[in-house]
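Handing you this structure, nothing more for now.
In order of appearance the chains are A, B, C, D, E and F, and numbering begins at 1 in each one.
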Amino acid sequence: MSHAKPRDLLVILRRGPHGSSQLREGLDTALVAAAFGRTVTLLFMGEGVTALVADQKAGPLGQKGTAATLEMLEMYDIDRLLVEASALEQFGLGEEDLMLEATAVSQASIALEPASHRLVLVF
Amino acid sequence: MSHAKPRDLLVILRRGPHGSSQLREGLDTALVAAAFGRTVTLLFMGEGVTALVADQKAGPLGQKGTAATLEMLEMYDIDRLLVEASALEQFGLGEEDLMLEATAVSQASIALEPASHRLVLVF
Amino acid sequence: MLLHTLNRSPATSRVYQQALAAMGPEDRLLLVEDAVQGALPKLMRYFTGLEGRLFALREDLVARGLEGQCDPSVQIVDVDGFVLLTEEAEKTVSWY
Amino acid sequence: MLLHTLNRSPATSRVYQQALAAMGPEDRLLLVEDAVQGALPKLMRYFTGLEGRLFALREDLVARGLEGQCDPSVQIVDVDGFVLLTEEAEKTVSWY
Amino acid sequence: MRYAILLLAAPYTNQASHSALRFARTLLARGHQLETVFFYQEGVQNAARLASPPQDEPHLVDAWSALSREHGTALQVCIAAALRRGLLDEREAARHGKQGYSVEPPFELTGLGQLIDIGLRCDRLITFAP
Amino acid sequence: MRYAILLLAAPYTNQASHSALRFARTLLARGHQLETVFFYQEGVQNAARLASPPQDEPHLVDAWSALSREHGTALQVCIAAALRRGLLDEREAARHGKQGYSVEPPFELTGLGQLIDIGLRCDRLITFAP
């Protein structure tokens, strides 16, 4: 296991931006936890990898989307971002397509994450 | 096309009983249309075929489910029930497992249905 | 000719299979909301057989940063084009 | 050992794939709500590799008329057993 | 043409309500008529008069009301779906012995029969769902 | 053990709220403590005080209230998720200049920080979702 001491919160993000509030409400949860001084890991799975695509815009009615929130992660000291390697592959996305640096992880490493956090929330 | 004159309403049911209100609210729509004298076809697709499984019970908190509503279809003169043959196959269900008689239809016949109804609603 | 709309990503939901099963040989499919992910070249395989009849909504692609990344076989329309598609089709069936 | 729950049918949603990807080698999976459809013998193939670690909730099977039709390799538990599973597991992860 | 919209999704939780509103405005701009928006299933939440989204987000309840005022579009809410979800107008609140109400005009509670009626009467019915 | 429940789904639309209530009663019957039910996303609809389901269906809002009274379980509703969905208690209604209110005790509007707090403090947190 890569962490001697378990981290506090694993937030698993599985939905893309704009289509539902899942992603935004998951990110809000992560930011609040970080603001309370908790150690947070974000794991982007499935279509959740599209949350990281560069050049997102507001929705046609002015819906804010989630890109601005992602840009705030660093300020909140959320710097452990994992992204499912097979999902990147499935969507044909490379690191150069993403707005943030995230570590591509294999299925085998993903299976280690839930046990190494005190709390796991899936969005 | 099997119908010279288009029928009024095609209700496509794609969710099982109890898990969500989709199925019940789709059936309610069909019953109301029939009560108003409209010709209604029901098409069960995907996990919607599990709506027809025999011996369904109330939910553990007393939720009614949809089996009683299905038993009322005949009273409302809703007698054209189609069920996706490949979905029955996928779930391993045979005609003897179903609570009502429904006509198993191939993909090719399913593709004819939307055009032969004046209104199509998907639940 | 009917217009079918799909709003869930083929990477997440199997509903696209039901849309395809219910489509007649002239029917069109418009990808909206999260389904526009399906316009990426790597996800196009879910929609084979729809050449010339597959559309995706520009505004939803733009909001997701995907506009420049679509497969060239997908026809991109804006909301005005969406309304036009519903005018041209006898009726519309929505898959979600 | 963690308990994972799944509430969507593998016939409808691909979320079961994510649950499986995130499971450790000792972790258990409990099928609840519409996911109990996955306990039918024909749908068991989605859950290969979970022998002895796959459970389904009796009350949800009964409500759906599926109790007598499950694959024998699935362990059927009632809600009391669900709570017991959460007691035995360090924590619970819910997939939906 | 005469259009109708069927909206099945809650605002804010899914994009569907935003998509429906955008579609509604566009079809009106193209010179069509929007006779009715029918709210069913979670769509009835679009009628929640107390909705208080953040200032920098679109206010969908107000936007539907404005659309109705400007274009005469009926906003019909399925009464059975609304009651179980806590969306009651003054009349239904009184009938159920509840203090207060959560739906107000131009939204109107109505039966599911209306959906069939408009679906068959209008030239086009477009569904927006979660 | 000390349990907490996170509920993310609207009542009636999905089974999740029924599943959560059934799980809550069972864990209490097994002698555990249920410290908090936290309502987030569409789960906030479980606090809609005007909910009027048909007589022959379970009344989830009342059932949560009864559970809270009998077992001291806190019913915490995420305030940000609630406001945009039209679920306001008397204080928030006044603050937003609205007449009437849609949430009442024992449901209490609270911040998302509470979810993290109970999630890390309780022995078990179980999520029920749509």
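Operating definition for what follows: a residue touches a chain if its C-beta (ideal position, glycine included) is under 8 Å from a C-beta of that chain, and two chains touch if they have at least 3 such contacts.
Given the structure is predicted, the values throughout are model-derived calculations rather than measurements.
> If you walk from chain to touching chain, how few steps can bring you from chain B to chain C?
When the steps are counted carefully, the minimum from chain B to chain C is 1.
> Compare the two sides of the chain C and chain D interface and say whether they are made mostly of the same residue numbers, over half shared, or of different ones.
same
> By mean C-alpha coordinates, which chain is most distant from chain E?
D
> Farthest chain from chain F, comparing Cα centres?
Of all chains, C has its centre farthest from that of chain F.
> If you average the CA atoms of chain D and of chain E, how far apart do the two points sit, in angstrom?
Each chain reduced to its C-alpha mean, chain D and chain E end up 38 Å apart.
> Could you put a whole-Å number on the gap between the CA centroids of chain D and chain F?
Using C-alpha averages as centres, the distance is 25 Å.
> Chain B to chain D: how many Å between their CA centres?
Result: the chain centres lie 27 Å from each other.
> Two-or-more-chain contact residues of chain A, please, as numbers and ranges.
Counting only residues that touch two or more other chains, chain A contributes 14, 18-21, 46, 59-60, 63, 118-119, 122.
> For chain E, which residues are shared contacts with two or more other chains?
Residues 12-13, 15, 22, 41, 57, 125, 127, 129-130 of chain E touch two or more partner chains.
> Can you list every residue of chain C that touches 2 or more other chains, as numbers and ranges?
Those would be 7, 11-12, 14-15, 33-34, 59, 79, 91, 93-94, 96.
> Could you please write down every pair of chains that are in touch?
All chain pairs meeting the touch criterion are A-C, A-D, A-E, A-F, B-C, B-D, B-E, B-F, C-D, C-E, D-F, E-F.
> Name, in rising order, each residue of chain E that touches chain A in their complex.
Listed in rising order, the residues of chain E that touch chain A are 12-15, 18, 21-22, 56-58, 130.
> Could you please specify the touching residues of chain A with respect to chain E in the complex?
Touching chain E from chain A are residues 18-21, 59-64.
> Where on chain D is chain F touching in the complex?
Residues 5, 7, 32-34, 59, 79-80, 82-84, 86-87, 91-94, 96 of chain D touch chain F in their complex.
> Sort out for me which residues of chain D touch chain B in the complex.
So the residues of chain D touching chain B come out as 7, 9, 11-12, 33-34, 37, 40-43, 59-60, 62-66, 69, 79.
> For the complex, which residues does chain B have touching chain E?
Touch residues, chain B against chain E: 8-9, 21-22, 25, 28-29, 32-33, 35-36, 38, 118-119, 121-122.
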